[in-house]
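Just below sit the structures, each encoded as structure tokens.
One chain, chain A, links the two complexes that follow: it is found with chain B in the first and with chain C in the second.
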Partner chain A sequence: MHSIGDAFGLALSLVLSGDRDLLQIVLLSLRVSLTATAVACLLGLPVGALVAIARFRGRSVVLIVMNALMGLPPVVVGLLVYLQLSRAGPLGFLGLLYTPTAMIVAQTLLITPIVAALSRQVLEDLHTEYAEQFRSLCLSRVQAVQALLWDGRYALLTVGLAGFGRAVAEVGAVIIVGGNIDHLTRVMTTAIALETSKGDLALALALGLILLFIALGVNAAVQSVRLTAARHAHV
Partner chain B sequence: MFHKTLSATAIAVTLAGAALAQDQSIIVQSTTSTANSGLYDYLLPLFQKESGIQVNVVAVGTGQAIANARNCDGDLLLVHAKPDEEAFVADGFGTERTDLMYNDFVIVGPAGDPAGIKGMQDVQGALTKIADGKAMFASRGDDSGTYKKEMQLWEEASVDPKAASGTWYRETGSGMGATLNAGIGMGAYVLTDRATWISFENKQDYAIDVEGDTDMFNQYGVIPINPEKCPSVKVEAAQTFADWLLSDAGQTAIADYKIDGQQLFFPNAPKE
Partner chain C sequence: MSDVAAFTARAAAAPAQMAPLLPLRVRGLTLLRGATTVLDGLDLDLGRTGCTVVMGANGAGKTLLLKLLHGLIQPTAGQIDWQGQDTAAVTRRQALVFQTPVLLRRSAAGNLDFVLKARGKDRGRTATLLDHVGLAHKAQQPARLLSGGEAQRLALARALAIDPEVLFLDEPTASLDPASVLTIERIVQAARDRGVRIVFVTHDTGQARRLADDVVFLHGGRVAEHAAAADFFPAPRHPAARNYIDGKIVI
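So, the complex of A and B:
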């Protein structure tokens, strides 16, 4: 049996060798999942903020649905997107199946509910603090949303990171809509699945470790942005 | 003046043609064994160098590959389940099915050989012994070519393994490699194509127990997808690839692909 130590060694030598295929796979993983996270934030944050401050009939049902959608199985999202983008499907004429775009669409659908539901909770807590102040300033709903999003931006970064983490780690959706095509739609998780099915467990684990470090890197980058911004704010 | 226009047009046409050839890419819906064994990694660069056509492979089980192709999500089909392939062509989704190459299935098992089948050639006899001894057997349990073959062999052995589903008969519902990993993990016998087995890197104490029965023959076929059903198909590029696979150059390349000196696939396209 391979030990984790072997995998560490292999991961290190893979990274140090500057393997071009590996670099391409890593870059595609980042491109797909970061784009999906950005789009999911554009869609999910305003929705989360609106639901956070609005009071309407059936709101509790909306909250339950939003929270439940966080548990969307990636493979189901993959199938739904496949059925739309397949040549036999309604959007087949776009020719998007088996492209990185299809993978971005699938991951966006997967994590937008996460961004919306988590940001709703964060902003609602913030709103209870600010509600009176907003009322005294006679802010419109749009202004209130803007103020909440701005003041909650650091907490919302963590929300974005949660979405990114889910996107970059999932394999079920991208393998269906991307097809794991070498040099075209192969990302870290589908490469790991492939090496596992080839029985090359050491390589699969090494790729897994590299994926872990990428996630660490992205989180560290966001954290440093946050710290720098916080420092500026206090100067 | 006229001359100039003509030559400019000629250049433009040539350039456009070159750009087209460079841009061309096709999608092959394929079974997993051809991809997992590394055959495509060996063949595709050779073909691309010759034709300029980029071949993108979606490697899934035969059943899923055919289903995807029926949705027109591909230009060429390369699988191993002859009756299904013929039905695919009969339904108008493929233009023509041609034999491409073959290898064979084998049964692999743990060193302990609990069912005592090591060295047997009679595959139905071996399956009967596995069932009688209730020795663990890991099945694909999906819609793959390998699974269809396995079902056929059980039927010929007059055993209904599904009755034992979840006991000694374990259906993984996964690809060949995943099923091998699972089977090896639980000490079960596994029916696998030889190419996947030779290239598989997590063999542990497993070895081939049953091989050489003519009933374990495994034929691969290639089918260009029909543009009449699927207008999006890149007919010419797909046909170019199919023709190359079936040509002397392609057939030689298939025979040349070896792992540790062992040939994985045996070309048998009909001679012109």
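So, the complex of A and C:
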């Protein structure tokens, strides 16, 4: 077992040397989480927009459920997806369990409520400002939603980045449905958990450092988007 | 043909194909806001052409009257008869310029492009419209960075983009400098001259004198006086209107 200092040194050398296993794990993490984020945005943004502008009976209940789903425990999502995709489950015939696709499905389910609930809040605020003008211009609901999505694009990008941050950092769901299989479904978070339990802190720390850099990158991107929006008076 | 001339010709020709909205007949218009009666059985008739200036103290119901006529809110009671036309169709043939313009988070040209596209109009008119309101040089500037006067002119261009038959303006020059006020008045007068029916709310009696063909004075939730401008300004008949025009503060 290495000391913490040794582990940091080894971690840095692994990162700097471009270790192939490490690179594979990082790339798979990014592929899974970026795909899940894209799908979650495709599903969550229209839902958020519709709930933002629609007034219907039971809307407050929908809002409560949407907000509650933001706090879904990843292991519960993983378990639900596992039950669906396992050989005995209704979708077992697809043979997706322990594949990156299963991990994408789990992460998508995990972050779609986040994207929907946060985008609903963003777009509802915007709609409050625009609603009377839109009614005066006789815009259809579809035209109103399109305008809201476009005008809220910078804030919505932040929402997407928040979803990505949640996806790339979670471990509970992907370890259940992915199985942490080397060279197939091993991602950064599952590898960190495994290497830590084995006592190999170097690889775990290397992955942890990369994860931290990604988190920093995401935050920098969010900040950059906000500054761009302010510069173009889109705030 | 110049751009502005083309714009004028198009705007004047557009409404001719549909059944007329005017004259307008309003009877017994009542609007309650909670326990407060804002409009109390208001009667009003508006002719086919010209510029009607609506005046009255704060809280007289001027803005709400415009929104009711435009179909943005529904009355508690009473009738608004645009020659028997359906409310939704009526709103589509009108435009309202709000006191505080709500502009989309895109360029000045982008704001007009959006409305022209949404309403199935020729998007090639964006440059002409911007030129018409003196904003051609601001086409690519973010709309929300425009000055107050420029933003209101852009809102006016957006309203004119849909070729309205009736144009409502709710204190569009409040808190603007004299040059901006004059520019907006000229645009409004040009619209009136090509046949757009104007209903203009203002507190500025000087502006009302410059623009009005007739004046509607609201008081107590009703039309206290409705007269030709030439008759109204020299000798308002209603005491509240007289005090208002004379600048007397009555509490």
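The rule we apply is simple: the second predicted complex is superposed on the first by the 202 of 235 C-alpha atoms of A that agree within 3 Å, B and C clash if a C-alpha of one lies under 4 Å from a C-alpha of the other, contacts with A are read in each partner's own complex, and residues count from 1 in each chain.
The criterion applied here is as follows: a residue touches a chain if its C-beta (ideal position, glycine included) is under 8 Å from a C-beta of that chain, and two chains touch if they have at least 3 such contacts.
Bear in mind that the values here come from a model prediction, so they are computed numbers and not experimental data.
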> Between chain B and chain C, positioned on chain A by superposition, is the outcome a clash or a fit?
Replying inline: fit
> After lining up the shared chain so the two structures overlap, which partner does A:179 touch, if you call chain B first and chain C second: first, second, both or neither?
Replying inline: first
> Between chain B (first) and chain C (second), which does A:129 come into contact with in this model arrangement: first, second, both, or neither?
Replying inline: second
>> Tell me the angle subtended at the Cα centre of chain A by the Cα centres of chain B and chain C, rounded to the nearest 10 °.
In response: 170
> Counting only touches as set out at the top, which of chain B and chain C does A:20 meet: first, second, both, neither?
Replying inline: neither
> When the two structures are overlaid on chain A, which partner does A:137 contact: first (chain B), second (chain C), both, or neither?
Replying inline: second
> Thinking of the overlay built on chain A, is A:57 touched by chain B (first), by chain C (second), by both, or by neither?
Replying inline: neither
>> One more residue to check, A:151. First (chain B), second (chain C), both or neither?
In response: second
>> Once chain A of both complexes is superposed, is A:199 in touch with chain B (first), chain C (second), both, or neither?
In response: first
> Once both complexes sit on top of each other, what is the least C-alpha distance from chain B to chain C, rounded to whole angstrom?
Replying inline: 51
> Overlap of the chain B and chain C footprints on chain A, residue-wise?
Replying inline: none
> Which part of chain A faces chain C closely enough to touch in the complex?
Replying inline: 129-130, 132-133, 135-139, 143, 147, 150-152, 232-234
> If you look only at chain C, which of its residues touch chain A in the complex?
Replying inline: 70, 72, 88, 91-92, 95-96, 98, 102, 104-106, 114-115, 118-119, 142-145, 158, 162
>> Applying the document's contact rule, which stretches of chain B touch chain A when the two form their complex?
In response: 27, 32, 36, 40-41, 56-59, 68, 70-73, 174-178, 180-181, 199-203, 230, 232
>> Going by the contact rule set out above, which residues of chain A touch chain B in the complex?
In response: 86-89, 92, 95, 97-98, 179-182, 184, 194, 196-201
